[in-house]
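Consider the two complexes below, in which subunit A is the common component and subunit B and subunit C are the respective partners.
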Partner chain A sequence: MEFKELDPILHSQLRLAVVSLLISVREAEFTFLKEKTNATAGNLSVQINKLKDAGYLEVIKQFNNNYPQTICKITKKGIDAFEEYVKALQTYMNPNDQQ
Partner chain B sequence: MNTQDQNLSPADSLLLINNMINQAKNRFSENGFLYLLWGWLIFFCAIGHFVLIKLDLFKHPEIIWASCWLAVIYQIFYLTKRSKKETVKTYSENIIGFVWMSFGITMGIISFIVGKTNNWELINSLLLMLYGTPTFLSGVVMRFKPLKVGGIICWVLAVVSAYLLPIYVLLLLAVAVIAAWIIPGYILRRKYLLENNAEMKST
Partner chain C sequence: MSTEQHLSNEKSLAIIHQMINQAKNNISDSGLSWLLWGVALFLTSVSTYIFIDIGSDNIFLGWNIFGIVTILLLSYEIFRPKKKSVRTYLDDILRLVDIGFIVCLFIIIFSINYSVGPNNGFGFMLMIFAFLMLVKGGAIKSKALIVGAVVNWAAAIAVIVNTEFRYDMLIMAAAVLIGYIIPGLLLRAQHKRNSIK
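Our next item is the complex of A and B:
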(Lines of atoms letter the chains of each structure in order from A and count residues from 1; the text may use other names and numbers.)
(Lines give C-alpha, C1' and ligand atoms only; values in the text may rest on other atoms or scores of the structure.)
Protein backbone atom coordinates (compact mmCIF):
# COMPACT_ATOMS: atom_id res chain seq x y z
CA MET A 1 0.00 0.00 0.00
CA GLU A 2 1.38 3.40 -0.94
CA PHE A 3 0.03 6.84 -0.14
CA LYS A 4 0.61 9.40 -2.85
CA GLU A 5 2.15 12.69 -1.77
CA LEU A 6 -0.31 15.58 -1.62
CA ASP A 7 0.64 18.66 -3.65
CA PRO A 8 1.65 21.24 -0.99
CA ILE A 9 0.42 24.11 -3.17
CA LEU A 10 -3.12 22.69 -3.15
CA HIS A 11 -3.05 21.16 0.33
CA SER A 12 -4.07 24.37 2.01
CA GLN A 13 -7.65 25.23 2.93
CA LEU A 14 -7.97 28.55 1.13
CA ARG A 15 -5.93 27.66 -1.96
CA LEU A 16 -7.87 24.40 -2.34
CA ALA A 17 -11.17 26.29 -1.97
CA VAL A 18 -10.15 28.79 -4.69
CA VAL A 19 -9.09 26.05 -7.11
CA SER A 20 -12.27 24.03 -6.39
CA LEU A 21 -14.41 27.07 -7.17
CA LEU A 22 -12.51 27.86 -10.36
CA ILE A 23 -12.58 24.26 -11.60
CA SER A 24 -16.37 24.54 -12.00
CA VAL A 25 -16.55 27.94 -13.73
CA ARG A 26 -14.93 29.54 -16.78
CA GLU A 27 -13.62 32.54 -14.85
CA ALA A 28 -14.43 34.40 -11.65
CA GLU A 29 -13.80 37.80 -10.18
CA PHE A 30 -11.82 38.31 -6.99
CA THR A 31 -15.03 39.52 -5.25
CA PHE A 32 -16.82 36.25 -6.07
CA LEU A 33 -13.96 34.18 -4.62
CA LYS A 34 -13.85 36.39 -1.53
CA GLU A 35 -17.61 36.04 -0.98
CA LYS A 36 -17.61 32.24 -1.40
CA THR A 37 -14.53 31.54 0.71
CA ASN A 38 -15.25 34.15 3.43
CA ALA A 39 -11.55 34.99 3.39
CA THR A 40 -10.06 38.42 3.98
CA ALA A 41 -8.98 40.34 0.87
CA GLY A 42 -5.33 40.39 1.96
CA ASN A 43 -5.12 36.66 2.68
CA LEU A 44 -6.98 35.74 -0.50
CA SER A 45 -4.72 37.97 -2.55
CA VAL A 46 -1.60 36.30 -1.14
CA GLN A 47 -2.95 32.79 -1.83
CA ILE A 48 -4.03 33.69 -5.37
CA ASN A 49 -0.52 34.97 -6.05
CA LYS A 50 0.95 31.67 -4.81
CA LEU A 51 -1.33 29.75 -7.16
CA LYS A 52 -0.43 32.10 -9.98
CA ASP A 53 3.31 31.68 -9.31
CA ALA A 54 2.84 27.90 -9.43
CA GLY A 55 1.21 28.33 -12.86
CA TYR A 56 -2.15 27.02 -11.63
CA LEU A 57 -4.05 30.26 -12.18
CA GLU A 58 -4.14 32.98 -14.77
CA VAL A 59 -4.84 36.37 -13.20
CA ILE A 60 -6.11 39.23 -15.34
CA LYS A 61 -6.15 42.73 -13.87
CA GLN A 62 -8.28 45.28 -15.69
CA PHE A 63 -10.59 48.23 -15.18
CA ASN A 64 -14.38 48.05 -15.31
CA ASN A 65 -16.17 51.43 -15.15
CA ASN A 66 -13.01 52.97 -13.68
CA TYR A 67 -12.87 50.35 -10.91
CA PRO A 68 -10.00 47.85 -10.76
CA GLN A 69 -11.12 44.30 -11.46
CA THR A 70 -9.21 41.06 -10.92
CA ILE A 71 -10.34 38.03 -12.89
CA CYS A 72 -9.02 34.53 -12.14
CA LYS A 73 -9.04 31.50 -14.41
CA ILE A 74 -7.67 28.04 -13.82
CA THR A 75 -4.95 26.95 -16.26
CA LYS A 76 -4.38 23.53 -17.86
CA LYS A 77 -1.55 22.97 -15.38
CA GLY A 78 -3.97 23.86 -12.55
CA ILE A 79 -6.58 21.39 -13.79
CA ASP A 80 -3.97 18.61 -14.05
CA ALA A 81 -2.65 19.39 -10.57
CA PHE A 82 -6.20 19.36 -9.14
CA GLU A 83 -6.95 16.00 -10.76
CA GLU A 84 -3.69 14.56 -9.40
CA TYR A 85 -4.51 15.96 -5.96
CA VAL A 86 -7.95 14.31 -5.96
CA LYS A 87 -6.41 10.99 -7.11
CA ALA A 88 -3.85 11.25 -4.30
CA LEU A 89 -6.64 11.97 -1.78
CA GLN A 90 -8.43 8.84 -2.93
CA THR A 91 -5.40 6.73 -1.95
CA TYR A 92 -5.87 7.97 1.62
CA MET A 93 -9.64 7.46 1.57
CA ASN A 94 -9.61 3.98 -0.04
CA PRO A 95 -6.21 2.49 0.81
CA ASN A 96 -7.45 -1.03 -0.03
CA ASP A 97 -7.97 -0.03 -3.66
CA GLN A 98 -4.23 0.55 -4.00
CA GLN A 99 -3.22 -2.96 -2.99
CA MET B 1 -11.08 30.50 5.97
CA ASN B 2 -7.35 30.31 6.69
CA THR B 3 -4.27 28.89 5.01
CA GLN B 4 -3.29 26.43 7.71
CA ASP B 5 -2.86 23.01 6.19
CA GLN B 6 -1.46 20.94 9.02
CA ASN B 7 -4.95 20.04 10.26
CA LEU B 8 -6.45 19.45 6.83
CA SER B 9 -7.18 15.74 6.64
CA PRO B 10 -7.96 13.99 3.31
CA ALA B 11 -11.61 13.79 4.39
CA ASP B 12 -11.64 17.54 5.15
CA SER B 13 -10.09 18.22 1.75
CA LEU B 14 -12.73 16.20 -0.08
CA LEU B 15 -15.51 17.88 1.90
CA LEU B 16 -14.11 21.31 1.09
CA ILE B 17 -13.82 20.49 -2.63
CA ASN B 18 -17.38 19.19 -2.62
CA ASN B 19 -18.72 22.31 -0.84
CA MET B 20 -16.95 24.72 -3.15
CA ILE B 21 -17.99 22.92 -6.34
CA ASN B 22 -21.60 22.92 -5.10
CA GLN B 23 -21.44 26.62 -4.27
CA ALA B 24 -20.30 27.43 -7.81
CA LYS B 25 -22.71 24.96 -9.40
CA ASN B 26 -25.82 26.07 -7.51
CA ARG B 27 -25.47 29.66 -8.59
CA PHE B 28 -28.54 30.51 -10.63
CA SER B 29 -27.97 33.53 -12.83
CA GLU B 30 -30.70 33.27 -15.45
CA ASN B 31 -33.44 35.75 -14.56
CA GLY B 32 -35.65 34.97 -17.57
CA PHE B 33 -35.73 38.59 -18.73
CA LEU B 34 -34.69 37.95 -22.35
CA TYR B 35 -37.10 35.03 -22.68
CA LEU B 36 -39.92 37.34 -21.54
CA LEU B 37 -38.81 40.26 -23.71
CA TRP B 38 -38.67 38.16 -26.88
CA GLY B 39 -41.65 36.03 -25.93
CA TRP B 40 -44.00 38.98 -25.51
CA LEU B 41 -42.57 40.83 -28.52
CA ILE B 42 -43.01 37.88 -30.91
CA PHE B 43 -46.44 37.21 -29.38
CA PHE B 44 -47.68 40.76 -30.07
CA CYS B 45 -46.02 40.87 -33.51
CA ALA B 46 -47.62 37.57 -34.56
CA ILE B 47 -51.10 38.52 -33.25
CA GLY B 48 -50.70 42.07 -34.64
CA HIS B 49 -49.68 40.75 -38.05
CA PHE B 50 -52.68 38.39 -38.08
CA VAL B 51 -55.11 41.19 -37.11
CA LEU B 52 -53.65 43.61 -39.68
CA ILE B 53 -54.04 41.01 -42.46
CA LYS B 54 -57.62 40.27 -41.39
CA LEU B 55 -58.58 43.96 -41.18
CA ASP B 56 -56.71 44.68 -44.41
CA LEU B 57 -55.67 48.14 -43.18
CA PHE B 58 -52.12 48.25 -44.52
CA LYS B 59 -50.48 47.23 -47.72
CA HIS B 60 -47.49 45.83 -45.80
CA PRO B 61 -48.74 44.43 -42.45
CA GLU B 62 -45.41 42.58 -42.05
CA ILE B 63 -43.86 45.95 -41.17
CA ILE B 64 -44.86 45.18 -37.56
CA TRP B 65 -41.86 42.79 -37.35
CA ALA B 66 -39.48 45.75 -37.77
CA SER B 67 -39.98 46.36 -34.03
CA CYS B 68 -37.71 43.32 -33.48
CA TRP B 69 -34.74 45.46 -34.52
CA LEU B 70 -35.39 47.75 -31.55
CA ALA B 71 -35.33 44.68 -29.30
CA VAL B 72 -32.03 43.54 -30.88
CA ILE B 73 -30.44 46.93 -30.11
CA TYR B 74 -31.82 46.88 -26.57
CA GLN B 75 -30.59 43.29 -26.09
CA ILE B 76 -27.02 44.23 -27.09
CA PHE B 77 -27.12 47.09 -24.57
CA TYR B 78 -28.63 44.85 -21.87
CA LEU B 79 -26.15 41.98 -22.36
CA THR B 80 -23.15 44.34 -22.33
CA LYS B 81 -24.37 45.87 -19.08
CA ARG B 82 -25.10 42.44 -17.52
CA SER B 83 -21.71 41.08 -18.55
CA LYS B 84 -19.98 43.98 -16.75
CA LYS B 85 -21.95 43.27 -13.57
CA GLU B 86 -21.31 39.52 -13.48
CA THR B 87 -18.64 38.41 -11.04
CA VAL B 88 -18.42 34.89 -12.45
CA LYS B 89 -18.77 33.34 -15.89
CA THR B 90 -19.74 29.71 -16.18
CA TYR B 91 -19.18 27.19 -18.99
CA SER B 92 -22.94 26.58 -19.33
CA GLU B 93 -23.68 30.30 -19.84
CA ASN B 94 -20.98 30.37 -22.48
CA ILE B 95 -22.46 27.37 -24.34
CA ILE B 96 -26.01 28.80 -24.14
CA GLY B 97 -24.73 32.13 -25.49
CA PHE B 98 -23.19 30.42 -28.53
CA VAL B 99 -26.34 28.33 -29.09
CA TRP B 100 -28.47 31.51 -29.30
CA MET B 101 -25.85 33.23 -31.45
CA SER B 102 -26.01 30.28 -33.91
CA PHE B 103 -29.81 30.61 -33.84
CA GLY B 104 -29.58 34.32 -34.74
CA ILE B 105 -27.17 33.62 -37.62
CA THR B 106 -29.32 30.74 -38.95
CA MET B 107 -32.43 32.94 -38.77
CA GLY B 108 -30.65 35.67 -40.72
CA ILE B 109 -29.55 33.20 -43.42
CA ILE B 110 -33.01 31.64 -43.70
CA SER B 111 -34.67 35.08 -43.95
CA PHE B 112 -32.20 35.97 -46.71
CA ILE B 113 -32.87 32.73 -48.67
CA VAL B 114 -36.66 33.03 -48.24
CA GLY B 115 -36.52 36.68 -49.36
CA LYS B 116 -34.31 35.95 -52.36
CA THR B 117 -36.47 33.04 -53.54
CA ASN B 118 -39.71 34.86 -52.63
CA ASN B 119 -40.98 32.03 -50.44
CA TRP B 120 -42.31 34.26 -47.65
CA GLU B 121 -45.21 31.90 -46.94
CA LEU B 122 -42.73 29.37 -45.60
CA ILE B 123 -40.94 31.69 -43.19
CA ASN B 124 -43.22 31.23 -40.15
CA SER B 125 -43.12 27.42 -40.35
CA LEU B 126 -39.33 27.56 -40.59
CA LEU B 127 -39.22 29.98 -37.65
CA LEU B 128 -41.31 27.58 -35.56
CA MET B 129 -38.83 24.81 -36.31
CA LEU B 130 -35.88 27.10 -35.56
CA TYR B 131 -37.28 28.33 -32.22
CA GLY B 132 -37.32 24.73 -31.02
CA THR B 133 -33.56 24.08 -31.30
CA PRO B 134 -32.01 26.78 -29.04
CA THR B 135 -34.92 26.53 -26.60
CA PHE B 136 -34.54 22.75 -26.23
CA LEU B 137 -30.72 22.93 -26.01
CA SER B 138 -30.85 25.71 -23.39
CA GLY B 139 -33.20 23.50 -21.38
CA VAL B 140 -30.75 20.58 -21.65
CA VAL B 141 -27.71 22.66 -20.60
CA MET B 142 -29.60 24.38 -17.75
CA ARG B 143 -31.35 21.12 -16.78
CA PHE B 144 -34.59 23.07 -16.94
CA LYS B 145 -37.58 21.02 -18.07
CA PRO B 146 -39.99 23.86 -19.09
CA LEU B 147 -37.54 24.97 -21.82
CA LYS B 148 -37.09 21.40 -23.07
CA VAL B 149 -40.88 20.97 -23.25
CA GLY B 150 -41.19 24.39 -24.93
CA GLY B 151 -38.67 23.40 -27.58
CA ILE B 152 -40.52 20.17 -28.33
CA ILE B 153 -43.84 22.08 -28.59
CA CYS B 154 -42.22 24.39 -31.21
CA TRP B 155 -41.21 21.37 -33.31
CA VAL B 156 -44.68 19.82 -33.04
CA LEU B 157 -46.29 23.15 -34.06
CA ALA B 158 -43.85 23.39 -37.01
CA VAL B 159 -45.21 20.06 -38.29
CA VAL B 160 -48.82 21.17 -37.65
CA SER B 161 -48.16 24.39 -39.62
CA ALA B 162 -47.72 22.33 -42.80
CA TYR B 163 -51.47 21.60 -42.66
CA LEU B 164 -52.60 25.22 -42.22
CA LEU B 165 -52.94 28.32 -44.38
CA PRO B 166 -49.94 30.68 -43.84
CA ILE B 167 -52.06 33.33 -42.07
CA TYR B 168 -53.03 30.84 -39.32
CA VAL B 169 -49.39 29.86 -38.83
CA LEU B 170 -49.03 33.32 -37.25
CA LEU B 171 -51.36 32.14 -34.48
CA LEU B 172 -49.23 29.02 -34.02
CA LEU B 173 -46.23 31.31 -33.63
CA ALA B 174 -48.00 33.11 -30.78
CA VAL B 175 -48.85 29.77 -29.11
CA ALA B 176 -45.23 28.60 -29.58
CA VAL B 177 -43.70 31.62 -27.83
CA ILE B 178 -46.15 31.28 -24.92
CA ALA B 179 -45.02 27.66 -24.43
CA ALA B 180 -41.33 28.08 -25.24
CA TRP B 181 -40.38 31.48 -23.83
CA ILE B 182 -43.15 33.23 -21.88
CA ILE B 183 -44.08 30.43 -19.45
CA PRO B 184 -40.44 29.26 -18.91
CA GLY B 185 -39.44 32.94 -18.64
CA TYR B 186 -41.82 33.53 -15.72
CA ILE B 187 -40.72 30.28 -14.04
CA LEU B 188 -37.05 31.29 -14.42
CA ARG B 189 -37.79 34.73 -13.05
CA ARG B 190 -39.55 33.29 -10.00
CA LYS B 191 -36.71 30.80 -9.39
CA TYR B 192 -34.10 33.55 -9.75
CA LEU B 193 -35.89 35.88 -7.32
CA LEU B 194 -36.45 33.09 -4.78
CA GLU B 195 -32.81 31.94 -4.87
CA ASN B 196 -31.39 35.44 -4.75
CA ASN B 197 -33.63 36.44 -1.86
CA ALA B 198 -32.59 33.28 0.02
CA GLU B 199 -28.92 34.09 -0.68
CA MET B 200 -29.36 37.67 0.55
CA LYS B 201 -31.02 36.46 3.76
CA SER B 202 -28.21 33.96 4.41
CA THR B 203 -25.49 36.65 4.10
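Our next item is the complex of A and C:
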Protein backbone atom coordinates (compact mmCIF):
# COMPACT_ATOMS: atom_id res chain seq x y z
CA MET A 1 0.00 0.00 0.00
CA GLU A 2 1.55 3.26 -1.10
CA PHE A 3 0.52 6.68 0.26
CA LYS A 4 0.64 9.51 -2.25
CA GLU A 5 2.53 12.59 -1.13
CA LEU A 6 0.34 15.62 -0.48
CA ASP A 7 1.14 18.65 -2.64
CA PRO A 8 2.94 21.10 -0.29
CA ILE A 9 1.57 24.09 -2.22
CA LEU A 10 -2.00 23.03 -1.48
CA HIS A 11 -1.34 21.51 1.95
CA SER A 12 -1.72 24.83 3.72
CA GLN A 13 -4.94 26.04 5.31
CA LEU A 14 -5.37 29.33 3.48
CA ARG A 15 -4.04 28.21 0.09
CA LEU A 16 -6.30 25.14 0.20
CA ALA A 17 -9.28 27.35 1.12
CA VAL A 18 -8.57 29.72 -1.80
CA VAL A 19 -8.27 26.87 -4.31
CA SER A 20 -11.40 25.16 -2.93
CA LEU A 21 -13.37 28.39 -3.38
CA LEU A 22 -12.06 28.98 -6.89
CA ILE A 23 -12.70 25.39 -7.99
CA SER A 24 -16.46 26.03 -7.63
CA VAL A 25 -16.65 29.39 -9.45
CA ARG A 26 -15.46 30.76 -12.78
CA GLU A 27 -13.60 33.69 -11.21
CA ALA A 28 -13.66 35.70 -7.98
CA GLU A 29 -12.48 39.07 -6.76
CA PHE A 30 -9.84 39.37 -4.05
CA THR A 31 -12.49 40.89 -1.74
CA PHE A 32 -14.69 37.80 -2.14
CA LEU A 33 -11.81 35.48 -1.21
CA LYS A 34 -10.90 37.69 1.76
CA GLU A 35 -14.49 37.70 3.03
CA LYS A 36 -14.98 33.94 2.67
CA THR A 37 -11.64 32.90 4.16
CA ASN A 38 -11.58 35.55 6.94
CA ALA A 39 -7.90 36.10 6.14
CA THR A 40 -6.03 39.39 6.37
CA ALA A 41 -5.40 41.18 3.07
CA GLY A 42 -1.60 40.88 3.46
CA ASN A 43 -1.61 37.17 4.24
CA LEU A 44 -4.10 36.41 1.48
CA SER A 45 -2.07 38.40 -1.02
CA VAL A 46 1.13 36.44 -0.16
CA GLN A 47 -0.65 33.08 -0.48
CA ILE A 48 -2.30 34.04 -3.76
CA ASN A 49 1.12 34.97 -5.13
CA LYS A 50 2.49 31.55 -4.09
CA LEU A 51 -0.38 29.85 -5.91
CA LYS A 52 0.18 32.08 -8.92
CA ASP A 53 3.92 31.31 -8.96
CA ALA A 54 3.09 27.59 -8.89
CA GLY A 55 0.89 28.14 -11.95
CA TYR A 56 -2.27 27.16 -10.08
CA LEU A 57 -3.94 30.58 -10.34
CA GLU A 58 -4.28 33.30 -12.92
CA VAL A 59 -4.41 36.75 -11.35
CA ILE A 60 -5.85 39.65 -13.34
CA LYS A 61 -5.33 43.19 -12.04
CA GLN A 62 -7.60 45.80 -13.62
CA PHE A 63 -9.59 48.94 -12.91
CA ASN A 64 -13.37 48.93 -12.50
CA ASN A 65 -15.02 52.38 -12.22
CA ASN A 66 -11.61 53.85 -11.30
CA TYR A 67 -11.14 51.35 -8.46
CA PRO A 68 -8.38 48.71 -8.63
CA GLN A 69 -9.75 45.20 -8.88
CA THR A 70 -7.93 41.89 -8.53
CA ILE A 71 -9.62 38.88 -10.09
CA CYS A 72 -8.43 35.32 -9.47
CA LYS A 73 -9.13 32.28 -11.61
CA ILE A 74 -7.99 28.71 -11.19
CA THR A 75 -5.90 27.34 -14.08
CA LYS A 76 -6.00 23.87 -15.66
CA LYS A 77 -2.80 23.05 -13.75
CA GLY A 78 -4.53 24.20 -10.55
CA ILE A 79 -7.57 22.00 -11.21
CA ASP A 80 -5.33 18.97 -11.89
CA ALA A 81 -3.31 19.66 -8.72
CA PHE A 82 -6.49 19.96 -6.65
CA GLU A 83 -7.85 16.68 -8.05
CA GLU A 84 -4.55 14.94 -7.28
CA TYR A 85 -4.58 16.42 -3.77
CA VAL A 86 -8.11 15.11 -3.11
CA LYS A 87 -7.14 11.66 -4.50
CA ALA A 88 -4.07 11.62 -2.27
CA LEU A 89 -6.18 12.60 0.74
CA GLN A 90 -8.51 9.70 -0.02
CA THR A 91 -5.60 7.26 0.14
CA TYR A 92 -4.89 8.47 3.67
CA MET A 93 -8.54 8.51 4.75
CA ASN A 94 -9.59 5.17 3.20
CA PRO A 95 -6.39 3.14 2.72
CA ASN A 96 -8.38 -0.11 2.15
CA ASP A 97 -10.12 1.36 -0.90
CA GLN A 98 -6.78 1.90 -2.65
CA GLN A 99 -5.58 -1.72 -2.39
CA MET B 1 -7.52 31.90 8.68
CA SER B 2 -3.92 30.99 9.49
CA THR B 3 -1.50 29.77 6.87
CA GLU B 4 1.21 27.33 7.76
CA GLN B 5 -0.22 25.55 10.81
CA HIS B 6 -0.23 21.75 10.82
CA LEU B 7 -3.05 20.52 8.64
CA SER B 8 -4.57 17.12 9.38
CA ASN B 9 -6.30 15.14 6.64
CA GLU B 10 -9.66 15.61 8.34
CA LYS B 11 -9.04 19.36 8.58
CA SER B 12 -8.11 19.50 4.86
CA LEU B 13 -11.34 17.78 3.89
CA ALA B 14 -13.33 20.05 6.22
CA ILE B 15 -11.80 23.16 4.58
CA ILE B 16 -12.57 21.87 1.07
CA HIS B 17 -16.14 21.05 2.10
CA GLN B 18 -16.70 24.36 3.88
CA MET B 19 -15.29 26.51 1.04
CA ILE B 20 -17.20 24.71 -1.71
CA ASN B 21 -20.40 25.24 0.32
CA GLN B 22 -19.53 28.92 0.83
CA ALA B 23 -19.22 29.36 -2.94
CA LYS B 24 -22.47 27.45 -3.58
CA ASN B 25 -24.41 29.56 -1.07
CA ASN B 26 -23.36 32.73 -2.84
CA ILE B 27 -26.07 32.38 -5.49
CA SER B 28 -28.76 34.98 -4.79
CA ASP B 29 -31.25 37.34 -6.43
CA SER B 30 -32.18 40.80 -5.14
CA GLY B 31 -35.73 40.41 -6.53
CA LEU B 32 -35.62 43.92 -8.06
CA SER B 33 -35.91 42.76 -11.68
CA TRP B 34 -38.88 40.50 -10.88
CA LEU B 35 -40.61 43.42 -9.14
CA LEU B 36 -39.94 45.96 -11.93
CA TRP B 37 -41.08 43.62 -14.73
CA GLY B 38 -43.99 42.33 -12.65
CA VAL B 39 -45.39 45.78 -11.83
CA ALA B 40 -44.98 46.94 -15.46
CA LEU B 41 -46.76 43.83 -16.82
CA PHE B 42 -49.47 43.94 -14.14
CA LEU B 43 -50.33 47.61 -14.77
CA THR B 44 -50.33 47.05 -18.53
CA SER B 45 -52.66 44.03 -18.32
CA VAL B 46 -55.07 45.76 -15.94
CA SER B 47 -55.06 48.98 -18.02
CA THR B 48 -55.86 46.97 -21.17
CA TYR B 49 -58.82 45.35 -19.40
CA ILE B 50 -60.06 48.81 -18.32
CA PHE B 51 -59.58 50.27 -21.85
CA ILE B 52 -61.66 47.41 -23.32
CA ASP B 53 -64.29 47.83 -20.60
CA ILE B 54 -64.75 51.57 -21.18
CA GLY B 55 -64.73 51.08 -24.97
CA SER B 56 -61.49 52.97 -25.64
CA ASP B 57 -60.40 53.43 -29.26
CA ASN B 58 -56.84 52.40 -28.48
CA ILE B 59 -57.05 49.32 -26.22
CA PHE B 60 -53.36 48.54 -26.79
CA LEU B 61 -52.15 51.91 -25.47
CA GLY B 62 -50.84 50.19 -22.32
CA TRP B 63 -48.84 47.70 -24.39
CA ASN B 64 -47.42 50.50 -26.55
CA ILE B 65 -46.19 52.24 -23.38
CA PHE B 66 -44.94 48.87 -22.11
CA GLY B 67 -42.80 48.59 -25.27
CA ILE B 68 -41.01 51.82 -24.32
CA VAL B 69 -40.75 50.69 -20.67
CA THR B 70 -39.24 47.39 -21.91
CA ILE B 71 -36.48 49.23 -23.76
CA LEU B 72 -35.78 51.33 -20.63
CA LEU B 73 -35.80 48.28 -18.33
CA LEU B 74 -33.53 46.28 -20.65
CA SER B 75 -31.13 49.24 -20.90
CA TYR B 76 -31.11 49.41 -17.09
CA GLU B 77 -30.41 45.68 -16.84
CA ILE B 78 -27.57 45.88 -19.36
CA PHE B 79 -25.88 49.08 -18.13
CA ARG B 80 -26.47 49.04 -14.36
CA PRO B 81 -23.23 48.54 -12.42
CA LYS B 82 -22.81 44.92 -11.41
CA LYS B 83 -21.63 44.65 -7.80
CA LYS B 84 -21.01 40.90 -7.78
CA SER B 85 -17.54 40.02 -6.57
CA VAL B 86 -17.73 36.51 -7.92
CA ARG B 87 -18.76 35.01 -11.23
CA THR B 88 -20.02 31.45 -11.08
CA TYR B 89 -20.55 28.93 -13.88
CA LEU B 90 -24.27 29.21 -13.08
CA ASP B 91 -24.17 33.00 -13.65
CA ASP B 92 -22.91 32.38 -17.18
CA ILE B 93 -25.63 29.81 -17.91
CA LEU B 94 -28.38 32.07 -16.49
CA ARG B 95 -27.14 34.93 -18.65
CA LEU B 96 -27.57 32.72 -21.73
CA VAL B 97 -31.06 31.76 -20.49
CA ASP B 98 -31.87 35.51 -20.18
CA ILE B 99 -30.69 36.17 -23.73
CA GLY B 100 -32.69 33.21 -25.03
CA PHE B 101 -35.76 34.41 -23.12
CA ILE B 102 -35.54 37.95 -24.56
CA VAL B 103 -35.11 36.63 -28.13
CA CYS B 104 -38.14 34.30 -27.72
CA LEU B 105 -40.17 37.14 -26.18
CA PHE B 106 -39.46 39.45 -29.12
CA ILE B 107 -40.41 36.69 -31.59
CA ILE B 108 -43.71 36.19 -29.71
CA ILE B 109 -44.39 39.97 -29.70
CA PHE B 110 -43.60 40.01 -33.45
CA SER B 111 -45.95 37.06 -34.03
CA ILE B 112 -48.77 38.78 -32.06
CA ASN B 113 -48.51 41.76 -34.40
CA TYR B 114 -47.93 39.69 -37.54
CA SER B 115 -49.99 36.51 -37.63
CA VAL B 116 -50.72 34.71 -34.35
CA GLY B 117 -52.97 37.40 -32.88
CA PRO B 118 -53.21 38.56 -29.27
CA ASN B 119 -55.48 35.77 -27.99
CA ASN B 120 -52.96 32.96 -28.45
CA GLY B 121 -49.92 35.24 -28.43
CA PHE B 122 -50.38 36.29 -24.81
CA GLY B 123 -50.75 32.61 -23.90
CA PHE B 124 -47.36 31.91 -25.49
CA MET B 125 -45.97 34.89 -23.60
CA LEU B 126 -47.14 33.42 -20.28
CA MET B 127 -45.69 30.06 -21.34
CA ILE B 128 -42.21 31.56 -21.76
CA PHE B 129 -42.53 33.59 -18.54
CA ALA B 130 -43.19 30.28 -16.75
CA PHE B 131 -40.09 28.72 -18.34
CA LEU B 132 -37.90 31.57 -17.02
CA MET B 133 -39.49 31.32 -13.56
CA LEU B 134 -38.82 27.57 -13.40
CA VAL B 135 -35.17 27.84 -14.46
CA LYS B 136 -34.37 30.83 -12.21
CA GLY B 137 -36.46 29.48 -9.35
CA GLY B 138 -34.58 26.17 -9.51
CA ALA B 139 -31.22 27.93 -9.69
CA ILE B 140 -31.77 30.21 -6.70
CA LYS B 141 -33.94 27.68 -4.83
CA SER B 142 -37.02 29.95 -4.77
CA LYS B 143 -40.20 27.94 -4.19
CA ALA B 144 -42.29 31.06 -4.92
CA LEU B 145 -40.85 31.28 -8.46
CA ILE B 146 -41.41 27.56 -9.07
CA VAL B 147 -45.04 27.90 -7.91
CA GLY B 148 -45.25 30.99 -10.16
CA ALA B 149 -44.06 28.88 -13.10
CA VAL B 150 -46.81 26.30 -12.55
CA VAL B 151 -49.45 29.05 -12.21
CA ASN B 152 -48.21 30.80 -15.37
CA TRP B 153 -48.36 27.56 -17.40
CA ALA B 154 -51.92 27.01 -16.18
CA ALA B 155 -52.71 30.64 -17.04
CA ALA B 156 -51.16 30.17 -20.51
CA ILE B 157 -53.58 27.29 -21.21
CA ALA B 158 -56.49 29.33 -19.80
CA VAL B 159 -55.60 32.29 -22.06
CA ILE B 160 -55.37 30.06 -25.16
CA VAL B 161 -58.70 28.33 -24.35
CA ASN B 162 -60.52 31.56 -23.43
CA THR B 163 -61.77 33.52 -26.43
CA GLU B 164 -62.70 36.83 -24.81
CA PHE B 165 -59.56 38.96 -24.89
CA ARG B 166 -60.38 41.23 -21.94
CA TYR B 167 -60.50 38.21 -19.60
CA ASP B 168 -57.12 37.14 -20.99
CA MET B 169 -55.78 40.38 -19.57
CA LEU B 170 -57.23 39.66 -16.13
CA ILE B 171 -55.76 36.13 -16.20
CA MET B 172 -52.42 37.63 -17.25
CA ALA B 173 -52.52 40.19 -14.42
CA ALA B 174 -53.22 37.45 -11.86
CA ALA B 175 -50.45 35.23 -13.31
CA VAL B 176 -47.95 38.10 -13.23
CA LEU B 177 -48.94 38.94 -9.64
CA ILE B 178 -48.28 35.35 -8.53
CA GLY B 179 -45.30 34.67 -10.79
CA TYR B 180 -43.41 37.97 -10.69
CA ILE B 181 -44.57 40.37 -7.98
CA ILE B 182 -45.01 38.02 -5.00
CA PRO B 183 -41.69 36.14 -5.62
CA GLY B 184 -40.04 39.53 -6.23
CA LEU B 185 -41.25 40.84 -2.87
CA LEU B 186 -40.14 37.65 -1.09
CA LEU B 187 -36.70 37.70 -2.76
CA ARG B 188 -36.32 41.40 -1.95
CA ALA B 189 -37.13 40.78 1.73
CA GLN B 190 -34.70 37.83 1.83
CA HIS B 191 -31.98 39.90 0.12
CA LYS B 192 -32.40 42.72 2.66
CA ARG B 193 -32.23 40.25 5.56
CA ASN B 194 -29.03 38.73 4.13
CA SER B 195 -27.50 42.19 3.58
CA ILE B 196 -28.06 43.12 7.24
CA LYS B 197 -26.33 39.92 8.52
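Basically, the second predicted complex is superposed on the first by the 99 of 99 C-alpha atoms of A that agree within 3 Å, B and C clash if a C-alpha of one lies under 4 Å from a C-alpha of the other, contacts with A are read in each partner's own complex, and residues count from 1 in each chain.
Here is the rule we use: a residue touches a chain if its C-beta (ideal position, glycine included) is under 8 Å from a C-beta of that chain, and two chains touch if they have at least 3 such contacts.
Only a predicted model underlies this, so the values are computations on that prediction, with no experimental measurement involved.
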Quiz item: With subunit A superposed, do subunit B and subunit C clash or fit?
Solution: clash
Practice problem: Please work out whether A:S24 is in contact with subunit B alone, subunit C alone, both, or neither, and reply first, second, both or neither. | Solution: both
Exercise. Could you pull out which residues of subunit A sit against subunit B in one structure and against subunit C in the other?
Key: 6, 11-17, 20-21, 23-29, 31-32, 35-39, 43, 46-47, 65, 85-86, 89, 92-93
Quiz item: Mind pulling up the subunit A residues that touch subunit B in the complex?
Solution: 6, 8, 11-17, 20-21, 23-29, 31-32, 35-39, 43, 46-47, 64-65, 85-86, 89, 92-93
Practice problem: State the interface residues of subunit C toward subunit A in the complex, per the touch definition above. | Solution: 1-5, 7, 9-13, 15-16, 18-20, 22-24, 26, 81, 85-89, 91-92
Self-check item: Contact set on subunit A toward subunit C in their complex
Solution: 6, 11-17, 20-21, 23-29, 31-32, 35-39, 43, 46-47, 65, 85-86, 89, 92-93
Practice problem: Flag every residue of subunit B that touches subunit A in the complex, lowest number first. | Solution: 1-5, 8, 10-14, 16-17, 19-21, 23-25, 84, 87-91, 93-94, 203
